[in-house]
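One chain, chain A, links the two complexes that follow: it is found with chain B in the first and with chain C in the second.
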Partner chain A sequence: MKGIRLEFYKLRRRKIWVIILVLLVVQCLWGMWAFRNMDAKKLSQGYMQCLYHFSVLNTIMMPMIAAITASKVCDLEHKGQTFKFLLTVMPAGALFDAKFICASMYMVAVGVAQTAFIMVLGKVAGFTETFPPGYLLYYLIITITVTVVILAIQQAFSLLFTNQMVSFVIGITGSFAGLFSLFLPRNIQRGILWSYYGVLMPVRMNWDSQTRIADLQYIPVDWSSFWLLMGLFAMIYFTGRRCFARKER
Partner chain B sequence: MANIITTSGLCKQYGAAMGVKDLDLSVPEGVIYGFLGPNGAGKSTTMKMILGLAKPTRGTIIVFDKEVNRRNRLAILKETGSLIEAPSFYAHLTGKENLKIISTLKELPDSEIDRVLKFVRLEDQKNKKAGQYSLGMKQRLGLAGALLGNPRLLILDEPTNGLDPAGIQEIRELICSLPKSFGITVMVSSHLLSEIDQMAGHIGVISRGELVFQDRLSALHDRSESRIAIRTLDNIAAGSVLSSQGIAYQEQEGYLLIPKLNDNQLAGYFIRFLKEDIGVVRIEERKKTLEDIFLELTGMAVKL
Partner chain C sequence: MLWKVIRGEQMKLRRSPVWLAFFILPVLPAFMGTFNYLQNIEILKDGWYSLWTQHTLFTCYFFLPATIAVYCSYLFRLEHTNHNWNCVMTLPVSALHLYLAKLIMASAMVIMTQLWVGVLFIISGKMSGLSGPVPPELTEWLVYGAIGGIVICGIQLCISLVVRSFAVPVGIAMAGGILGIGALSKGVGAFYPYTLLSLGMRANSPGGSMACSQVQFMAGSLFYLIISALVAILWLSNTDVTTE
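Now for the complex of A and B:
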């Protein structure tokens, strides 16, 4: 707890939340654009529309938010050359954990803010679909989980490389890879970390080529993909943590 | 005197090159130990190995009578303060906030922050952002951080690097006062002989990763006794005169070097030379500098 509290203390005056808030607002405005002309059918599937569109937008925006947050949390140590001192008073693994938990708190806040925005949008736009608390909770959990896994890889690179461009390039590349993978077969998607917003989204779009009508429907939780993601997380986190701990200063 | 740091056969290999080779350091408790060597000699690497920031390829490190390993490293370092290369600080935080982070990690009361700020004379600047400090103030902030908790051992790597003469003097005074004021043992590295000469009581000289000298600084000064250099028109004949009087001499670059004599004795030999028709053209008193002694001790091993 002491380490986590200190991470927030170190971020004083860094205004890390400003850039996160700006990106979140951009995402929400972008999401609202999709709902500018809603007919009765779209209103009857309002929450499904939201969950679908926000999952796709998350593929683009959340990796960038994770990359920037990880960079902000780690960069101050590189700039201040503080590892040489910190690691004589605390274990490297504990520092890695504290930074990860601190940055994850911001990701949780973004996920909660997004979900709250969907709920408010539903009320304001007058969605006629029955309010689905279970699916919203699932969306919240998935959004946070995937983002936190991406955060782990971003943090590892941000800590290992002094030049934060390495971390940004990985974030942006991952974001585009995730977006394009949405057009690829599911098994390929499952091999790309950044595509899990799409892989685990609670809504599927059915395209009827004869009637040329796109319809949305809720789908059951893809537990196998979820556990695969957890496996990837464990691998990324502990590899990153070990590399950081073994690095000589 | 008991040793606070002892290393045995300490080695650090980088690829095919040995950064540090078979280093046997002995740092006695309660002294300022000057760790001297040219840039790239292995000073920082050695200090990093003592602090556990770099892993030795071979050898052992004993600090406070305990062999340092991965598991007990932090427990041993609880009584150690350090400042390695440039001072570590968060530029966007004030001096006091920077020290607050360290004191929280070391579980120290806030009064300890005020104590060290006063000691390094930063109490009036404590609410200024560290990024706005001068280099000298940053070094003093780094020193304050290292002093938090009143450690038994302080490891300082080139603490005066990049400072102006006033800053160097200020840091030097602070360091010199530590053993007397707080009973702290200080291991301080530098590539400047004059600086170590003004601070340290004990000295270790490292060159190309190898320890080439280690003893009290006074042991070096003992070797810097004055000698008389005489140049004559016939050094062979003059040498014979000196030998016949039982005076040992050494010939060097056209001069005869003899031990320091009192004025009457020297005048006597001068008259003897004249009687023997040996023309004396130069008489000089020479005192070896510490640098000369290092070169003597190490040959060309140390080029400072």
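Now for the complex of A and C:
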């Protein structure tokens, strides 16, 4: 607990929330732009449209938000060369945990703000679809979960490499692979961590190539993919933590 | 003097694996874009032109601006850390040369990336069994794309000079790239720096002409390059350095 408080204390004047807020505003602007002229059919599937589009948008943007947050939280130690000092007062594993929990709080805030925006958009735009609290909660949980798993890998690289370029290249490449994999078969998607926004999204698009009409529908929770993601998280987190703890400084 | 500063920049980047990012990034759309093209070959009927869209669309809008931003952040990180600004500012080197050397280094990387994109495109097309010759416009797409990329380098170097954080300029580039889609849809792509790359590379309309005139494109590029150079020089000349 003390370690987490210390992390927030270190970040108090670093205005880490500013760039996160800017990216969140860009996401919301995109949402408003995408839903500006909705016909009766789109309004009747309003929340489904939102959940679908925001999941795709998350594939592009959330890995970068996670990379930026992880880099901001870890880079200050590289710049200040404070690892030797910190590790004399706390175990390396505890420092890794504290940084991860601190950065995760920002990810939770982004997920909550995004879901709140969808709810406000639904009211303002006048969606005629029945308000789906369960699916919105599910969307919130998967958005936060996937982002936090990506954050774990970003934090591991941001801590292990002084050169922050490495972690950003991994973030950009992962985000890119995640976006592309949305067009690929589901089995390939499940093998790419960054595509889980798409894999776990609660909505599916049915595209009729004959009539060229796209229709959306809710789908049941893909629990097998969710548990696979949890397994990946455990593997990434504990490997990253162990590598950080064993690293010579 | 400029040549000596460029040599200095080259020495700073020696043995640094920064070029790897620009090598890996185009491979991903080449591989996955080609796969997607082959999966949807009955819908994507324009051959080489359809393949080009698959290769470049997402790259130009989101990922190349962010990668350029990472590179520019790295170029200035060396100065922002270890009190190096104190050393740099006491050297008998003008602010213009300092900025230009970094711009030339970043531009060289963009040009090499464009060449790599072109090579991968031709290889992918041949391996996909595309009949017909390689589009004669390919050189034009790559050259204009390089110009658009150099403009982003100018802007990002300016941001990385002012903002000492490594991460924030990357976030700005990402936001800039995404907002660029709005600028393109409103027809003001030539007036917005982050869309010049996708405009130049004809990412969404490879078969037709550019969405703006060539004069507009060149004027927009020149404007942003001059503005970013001016801001950088004024900043370096008038602001006291902050070291970490």
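By our rule, the second predicted complex is superposed on the first by the 249 of 249 C-alpha atoms of A that agree within 3 Å, B and C clash if a C-alpha of one lies under 4 Å from a C-alpha of the other, contacts with A are read in each partner's own complex, and residues count from 1 in each chain.
Methods note: a residue touches a chain if its C-beta (ideal position, glycine included) is under 8 Å from a C-beta of that chain, and two chains touch if they have at least 3 such contacts.
Quick caveat: nothing in here was measured; it's all calculated off a predicted structure.
A.B. asks: With both structures lined up on chain A, is it a clash or a fit for chain B and chain C?
C.D. replies: On the shared chain A, the partners fit.
A.B. asks: Between chain B (first) and chain C (second), which does A:Val89 come into contact with in this model arrangement: first, second, both, or neither?
C.D. replies: first
A.B. asks: Report for A:Lys79: first if it touches chain B alone, second if chain C alone, otherwise both or neither.
C.D. replies: A:Lys79: touches chain B and chain C.
A.B. asks: Determine, under the contact definition given at the top, whether A:Met32 touches first (chain B), second (chain C), both, or neither.
C.D. replies: neither
A.B. asks: So, does A:Met64 touch the first partner chain B, the second partner chain C, both, or neither?
C.D. replies: It touches chain C, and chain B stays clear.
A.B. asks: More residues of chain A in touch with chain C or with chain B?
C.D. replies: Touched residues of chain A are more numerous for C.
A.B. asks: Centred on chain A, what angle do chain B and chain C make, from Cα centres, as a multiple of 10°?
C.D. replies: Approximately 80 degrees at the chain A centre.
A.B. asks: One more residue to check, A:Leu160. First (chain B), second (chain C), both or neither?
C.D. replies: So A:Leu160 meets neither chain B nor chain C here.
A.B. asks: Looking at A:Glu248, would you say it contacts chain B, chain C, both, or neither? Reply first, second, both or neither.
C.D. replies: So A:Glu248 only meets chain B here.
A.B. asks: Classify the contacts of A:Tyr9 with the two partner chains as first (chain B alone), second (chain C alone), both, or neither.
C.D. replies: A:Tyr9 sits against chain B, while chain C stays out of touch.
A.B. asks: Tell me, in angstrom, the smallest C-alpha to C-alpha distance between chain B and chain C in the overlaid model?
C.D. replies: Minimum over all C-alpha pairs of chain B and chain C: 6 Å.
A.B. asks: Where on chain A do chain B and chain C both make contact?
C.D. replies: After superposing on chain A, chain A residues 79-80 contact both chain B and chain C.
A.B. asks: Which positions of chain A touch chain C when the two form their complex?
C.D. replies: Touching chain C: residues 19, 22-23, 26, 29-30, 33, 60-61, 64-65, 67-68, 71-72, 75, 79-80, 163-165, 168-169, 172-173, 175-177, 179-181, 183-184, 209 of chain A.
A.B. asks: Under the definition above, what is the set of chain A residues touching chain B in their complex?
C.D. replies: 2, 5-6, 9-10, 12-14, 76, 79-91, 248-249
A.B. asks: Help me check something: in the complex, which residues belonging to chain C touch chain A?
C.D. replies: 16, 18, 20-21, 24-25, 28-29, 32-33, 35-36, 39, 43, 58-59, 62-63, 66-67, 70-71, 73-74, 77, 81, 165-168, 170-172, 174-175, 178-179, 181-182, 244
A.B. asks: Quick check on the complex: what are the chain B residues that touch chain A?
C.D. replies: The contact residues of chain B facing chain A are 48, 51-55, 74, 77-78, 80, 82-93, 97, 100-102, 104-106, 145.
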